[in-house]
Amino acid sequence: MNSAVLLIHCPDQPGLVALVTEFVHKNRGNILDLDQHVDQELNHFFMRIEWDLTDFVIPKDKISDYFDTLIGASYEMKCSLKFTERKPRMALFVSKASHCLYDILQRYGTGEYNCEIPAIVSNHEQLRYIADRFDIPFHHIPITKATKPEQEAKTKDLLKELDVDFIVLARYMQILSDDFCKDYSHRIINIHHSFLPAFKGARPYHSAFTRGVKLIGATSHYVTADLDEGPIIAQDVAHVSHRDGISDLKRIGKDVEKRVLSRAIYLQLQHRILPFGNRTVIFN
Amino acid sequence: MNSAVLLIHCPDQPGLVALVTEFVHKNRGNILDLDQHVDQELNHFFMRIEWDLTDFVIPKDKISDYFDTLIGASYEMKCSLKFTERKPRMALFVSKASHCLYDILQRYGTGEYNCEIPAIVSNHEQLRYIADRFDIPFHHIPITKATKPEQEAKTKDLLKELDVDFIVLARYMQILSDDFCKDYSHRIINIHHSFLPAFKGARPYHSAFTRGVKLIGATSHYVTADLDEGPIIAQDVAHVSHRDGISDLKRIGKDVEKRVLSRAIYLQLQHRILPFGNRTVIFN
Amino acid sequence: MNSAVLLIHCPDQPGLVALVTEFVHKNRGNILDLDQHVDQELNHFFMRIEWDLTDFVIPKDKISDYFDTLIGASYEMKCSLKFTERKPRMALFVSKASHCLYDILQRYGTGEYNCEIPAIVSNHEQLRYIADRFDIPFHHIPITKATKPEQEAKTKDLLKELDVDFIVLARYMQILSDDFCKDYSHRIINIHHSFLPAFKGARPYHSAFTRGVKLIGATSHYVTADLDEGPIIAQDVAHVSHRDGISDLKRIGKDVEKRVLSRAIYLQLQHRILPFGNRTVIFN
Amino acid sequence: MNSAVLLIHCPDQPGLVALVTEFVHKNRGNILDLDQHVDQELNHFFMRIEWDLTDFVIPKDKISDYFDTLIGASYEMKCSLKFTERKPRMALFVSKASHCLYDILQRYGTGEYNCEIPAIVSNHEQLRYIADRFDIPFHHIPITKATKPEQEAKTKDLLKELDVDFIVLARYMQILSDDFCKDYSHRIINIHHSFLPAFKGARPYHSAFTRGVKLIGATSHYVTADLDEGPIIAQDVAHVSHRDGISDLKRIGKDVEKRVLSRAIYLQLQHRILPFGNRTVIFN
């Protein structure tokens, strides 16, 4: 399918949907999917529209410019335009835990993810054999406090060279610098192994056990400079009982982590996430 | 809120969204909510649009006519127009089981349902005391094979007199005649105590127990002449185990039934259900 | 069914199950249900055993004494013995929100709860009409900062007079004094409208909205002097989206609250909860 | 851990738990876990007991004999004894769909499954590369109507030679002969891609789509000569909507299939499944 996806948000006012759909229709784009949302408290408008480009009269490289000039600028619209012909390029960052990495590669291997994975980056060597099994280049970039700035610079160079669109932290146990987070704003997806905002920080399963909760969760979110505070994309939970020790919580939790992270990646690949402030609008 | 909700479906073609939104916008209606869906296999278009009527220039009683003439007729659109100012009038049909009736009345009593309940109809006397507790008129209309036609006629008269919009069968244990079903097409909501199409017909919990399933379910659907075969509105399940005997399945199932039926009613009251063939499009 | 339920916990050591089952069997009790659990980290033993009293040779009022003397004392066992013939007596404390009260009374009314409800206590008058509908005595005990001690004393007198076994705070918006909590240790069940430990304290739905979570939850727990920190009995969640404003979160949350609280009450009535430290063992 | 797991079922009568626990205790076995269940309708007793063998006085190879002689025979007990020291040997049967195979191997690779996988058997060549990636022997045993008997014989020889304990049909698209099913009674686990008994047979996702269900499911069960009718081990579902076409149902369903099958395998590896007639008792 050769289509365009436009994500828009702006202050709400009457007529926005009509304006945008008319723009697409008049230029011979057939609308495939449309979803809009108005946040009544913030009086803010959000929209996702996807249309078939087959007969569209505006060339792909000029759509953004035309839309901004004719409509967007007059309504303070923030827009993001994606083309489904381009396969997103996703880099995976891992440390030692393999379950999320395996899960992503399995989905990639069975064709569930329409993307390229040009690199797996790790601060450890342990998971290289998995990358090898799936024939994906593995880059070992060890990090210490002292070497962090230069290693992050090296990482950024690699990502640029490989034309990476976004990063998935698949249980990557390093905290990225504020600069790194800003450079990849809304382009780094993390999986935290708790139902945020409960059990922020390290060792959430231990905390969950100590508190005696009856559910454990996982949260996928965009990474911001504030640890575990970025916009949430997806969350889920699993029931646990007194029978479950910490190792059981970890085992059960792994499944929740995989499920939640895979869902966030799927939404990202479909351009269905619109972050706004510290929240996300998920068009699905 | 004084708004209109228009549900549309028709064969798909380019430009439909633009046409409808332009109609609303040009006549000074502010779109509050819009959702559309194209069934790619059937090439069929579905839409729900809600707009504020405050400044709308077409009088309420002429909107349907104008829309059909200007747009609908040319595109073979089937439309249904509702006004949120009118509180839907819902009749409840019950027999002896009280849990769904109580649940509905409780939601009604706490203001969760924006509707009127002009009547509770039953083929038994047992639940009259609950109707009394909530000050809702109770009509005992007993039915035998011999009296069924006349009693259904009597029931229809009552429903007309009370200006009832739709009927909820809250564990009503009588099978309605084909004619009754047709007269109230897509206006009778039933709750079946199984995950349809599994365990159709009577005594589904016994069948579930015998089969040794690990989940039990409930299904809310529009009633058609084909028993348990109408378009499904909502379904849910609960986990069960070998420890649960038939009485446990019934107890656990009651909660699922209440949850599923209350969801179907909520969707109906919000005009979010668009039945099409034997399926439903749920805009939410 | 005329049976006894014995809840036991003590430091673990070999042979405990054999000892207890032999005691029951030798005295002609037929074991109906047995569940045990060893917390490996704490090396602590937990057990729930239920047996038929029909042919049991020890009189009911001496079972506790015999068991302690013959077995319990030698193994530092903490025991709690209940008889299923006695219907537990449950008091409901409410303020202005009616959904949990309605839900409990509905379950009580349909025979789901095998208990007595000798009183509904409230610091407001608003819900008296619901108590009246279900023919349950309603006690209005208003509380101000100044009157709290004497009103709590009055409440305790009432509870004693009515022989109340445990209290359910069905969205009761008063904080009980430490003394009150201690007097009714493990006998007050609260429903908190968040997935604890996330969003402790007041207005959790507002906090959930602000944080942009994708799930909201409810937690039922025993009340202790530390607000929202008592042992958790049951928790559940519901999925929400960006479309859900605070009023939607409240509406959806009500269903979760009802479900979680009703489950906690059911477990309590079945003597299936064994609190230990800040956690609970749930035998089910 | 060096422990024994004993699964027992027999007609119920007083004293069974005491008898079994006394046997373990007197012979210096420390009970690690005990769960029992009485089916009140069938008056049948079920039990799972696990004990530490470290100080157990009866040699491992004589426990079965001693237990049967001293207790089992007198009470018509059917027993199954397992030792946790032995890693179960699991064979995987696959055809062309890779998602369940990948999922199982990933769990195996991350240490979640305490078992050996001595062989992957397939009637097609397509998934050999995955077996290679995980260094597991792959056996291509093509089957046609004409060759079925000899190929099944060949398969049985292989399974015997490899000392296989049980088989997992990870989306294996061949129907096993009645004889094969009998030889491996309660030792073949299948995953069916629907919520049985709904949508038995081929193409369940197409049937689910046509019926317009709002949930899709998966069922793991022991294979018997009656297709899709064997005792159910685990089931789960996922919510779907009108937006989900058949390819979406398949995509969403894959996750449910993986989750349900992995759970069944986990229960099997822990000796927690006791099949009885057409149902299962799951001790967990």
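As written, the chain order gives the labels A, B, C and D, with residue 1 at the start of each chain.
As a working rule, contacts are C-beta pairs under 8 Å (C-beta built on N, C-alpha and C of every residue); 3 or more make two chains touch, one makes a residue touch a chain.
All figures in this text were calculated on a predicted structure; none of them were measured in a lab.
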Chain pair equivalent in interface to A-D, over half of contacts matched, among A-C, B-C or A-B: B-C
Interface with more contacting C-beta pairs, comparing B-D to B-C: B-D
Furthest chain, CA centroid comparison against chain A: C
Chain centre separation (chain B, chain C; CA means) in Å: 37
Cα-centroid distance, chain B relative to chain D, in whole angstrom: 41
Residues within chain C bordering two or more other chains: 243
Footprint of chain A on chain B - complex, ascending: 14-18, 21-22, 24-26, 28, 30-36, 38
Residue numbers on chain C that touch chain A, as the complex places them: 37, 39-41, 46, 195-199, 210-215, 217, 231-237, 241-243, 245-246, 278-282
List of chain C residues in touch with chain B within their complex: 98-99, 102-103, 106, 109-110, 112, 130, 133-134, 243, 251, 254-255, 259, 262, 284
